Amino acid sequence: MTRVTTTQSEDAKSAKSKAPRDAFGTASKLTRVFGVAAFVLTSALLVFALVISPPEVIQGESVRLFYIHVPSAIVSLYLAFSITLVGSIIYLRKKSIFWDLMAGAAAEIGVIFCAITLITGMLWGRPTWGVYWKWDPRLTSTAVSFLLYVGYLAVRKLELPPHVRRQRAAILGIISFANLIIVRYSVQWWRSLHQGTTLDPVDTQLDGSMLFSFFLGMLAMIAIGAWLLVHRFRVAWMEERKAEQSLAAAIVERQSEGRS
Amino acid sequence: MLSDARLIAAKDLRIEASSRVLLTQVLPFGLMVLLLFGFGISPDRQVLGEVPRRSVLEQVSPGLFWITVLFAALLGLGRSFSIEAADGNLDGLRLGGLDPAGIFLGKAAAVIVQLAVLEVIVGVGAILLFGVSLANVGLLAVTIVGATVAIGCAGTLYATLAAGQRVRETLVPLLVLPVLAPVLLGATQATEAALFGPVSDGWPWAGLLGAFALLYIAIGIVAFGSFLEES
Amino acid sequence: MSEASKSARPDGSNRPAVQLRSAVALLGSFPALAGVDLDVHHNDVALLQGPNGAGKTTLLRLCAGLIGPSSGTAMVLGQDVGSANGRRRVRRSVGLMGHSTALYDDLTVEQNVQFWAAASKAESETVVPALDRTGLAGRLQTVKVSALSAGQRRRTALAVLLCRRPSLWLLDEPHAGLDKDGRELVNGLVLEAKDAGATILIASHDLDWATSVATRRIDVVGGRVVEGTVVEDAVVKGTVVKDADA
């Protein structure tokens, strides 16, 4: 996030060529917009979720977790993993490194928000159900999805030539989304057969300031997710360029082997 | 494609016939896991309020059986790819003129056949050890076929993804188990329905297994080539 | 012979059997090949020599279509190794004997050769003559590969190679671990394959054995081809392949 401050003239220069801008950090105009939005929205969320909105009739104070829990689930399962899916498809069609890195960055963000969903879900469960884990269908399938994408990230770390690794990751990025859907529906079906409907973190009746807090939470999580995604992508992009540069150096070094 | 598959499957089965690794190592492992479940859960505990009265072990035996199968399948998949990795044989397969889809189907078929044999023997073990009485053999057979094809195909696909990698042994379970979670659910539900009824509850789950198996046969045929391509 | 070997091509095209231009190939992130320029003409027997780690094995694997170039071009037998389809087509017509022999320990010699012959779409009638030629017929035929010595394993791999009838032979240290008979067998097979019109690349440190069959020597150092010499015409020593091409 920190970026070396530049003078006016340097700024003008960097506007012309992208190279010096890249050299200083992962920040860009886009990340600053998302960063500010994330900060403002999160501050507003804290006020609305913790102070202004009332406790819920049945759940009491624990309803406040809902304003983070549900938005983070949506950011993770619906947005981030969808970006991984789309990035993987585009990579397979166009072999564009941009989309391969985007798919990988989105999966990392998705896994983090998945973890937030699981943690807030369990914290919500303790006061509401009396236990941290009640094999709630959504939470359970989220846990499996979390592990699915941890596996995807592990494949991205395999020691393979870059184009081979990208190809495998892209195929896996597509199959994993199919698995996510299968897991989600089969777990839901499984739980619906064996017990009556329990109170679910999502089944909450909201109105007024509660509804507004939920929307704020949604926007805040999206802003944080987008902010992290762009930063993470740019880190990956710079690593890629560094690898290119070190490859060029490695080739020169390799060529000079055996000569003295 | 199918003749290539037959060639590969016959080769893998011939290797097993000659080495008997699954028969003498993986099968005993499966039976040991059944015994361990008995130690872990305690055979004397009864399920309360159920008529007829059942032991906890009998009640949860479908799940225990399929978990055992899943763990044994991981070992079988490891074996299926260690015979290819030992002496650069994957390169040999790449150099041959075989259809990648045929290689996939052949390797999966060999795993499926061996797993099916293992399931029958472990199944008999479970019936004897957990005091289960067999019922609705039709639904059970369909369940076993569907689940075994699903495990064999999805497992082969993911095992190839990590084939030839140093982290293969630890990576394959991480990749395969979340993917096969719905198979474990479906197989356990269908088996429970077959053994304890109502049978009508089991058929949709058997259908899920069949759909999953078909999906992974299709994915394998399409994707296996590029997983095999380079490593 | 030297002139004939340069001009005569079975397919009538004037493209070399192997043509690499600035080819870079990676092992992980290490550039094992760092810009190779190389022409190997049809029916050449080319000896790749160079220190350990020079990139000879990677060069052979590139020619086999097992890996693709990460930059530069690689045409082998008229196919572009840079594309997955080209690699697939190349692989069918090459025979590679590497450090690993690609044999199944739990199958017998005969079962291995039969399987790989079938996997290479070779006629099943080729198996018996191949076993005969490599001295594996008889008692050894029914022995499991796990019970073979290193030299016998290599003979089995040679038998597989014979069944494939490749038009490009890629031999990685073919003489290593073989007794005198075995080395003579390798050289005999190479000469027979050459007579049948095949192109052969041999990476070897056994220079005495390898030079007796080679028509060309190629020096590999630091992931590059630094010098190519036509053996029959030692005067042209120092002919860099690039220059010969120009």
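All chains are identified by letter, namely A, B and C, in their written order; residue positions are counted from 1 within each chain.
Rule of thumb we're sticking to: a residue touches a chain if its C-beta (ideal position, glycine included) is under 8 Å from a C-beta of that chain, and two chains touch if they have at least 3 such contacts.
Quantities reported herein were computed from a predicted structural model and do not represent experimental measurements.
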Which of A-B and A-C has more C-beta contact pairs: A-B
Chain occupying the most central position, where position means C-alpha average: B
Geometric centre distance via CA averages, chain C-chain B, whole Å: 40
Euclidean distance of C-alpha centroids - chain A vs chain C, Å: 49
Intercentroid distance (Cα basis), chain B paired with chain A, Å: 33
Chain B residues counted as touching two or more neighbouring chains: 226, 229-230
Of all residues in chain A, the ones touching two or more other chains: 159-161
Multi-partner residues of chain C (at least 2 other chains): 67-68
In the complex, chain B residues that touch chain A: 161-162, 165-167, 171, 174-175, 177-179, 181-182, 185-186, 189, 201, 208, 212, 215, 219, 223, 226-227, 229-231
Contacting residues of chain C [partner chain B, same complex]: 64, 66-68, 84, 87, 91-92, 94-96, 98-107, 111, 115-116, 118-121, 144
List of chain B residues in touch with chain C within their complex: 7, 11, 14-15, 18-19, 83, 86-89, 91-98, 226, 229-230
Chain A - residues contacting chain B, complex: 144-145, 147-148, 150-151, 154-155, 158-161, 164, 167-168, 171-172, 175, 178-179, 182-183, 186-187, 190, 193
In the complex with chain A, residue positions of chain C that touch it: 24, 26-32, 34-35, 50-51, 54, 67-68, 70, 221-224
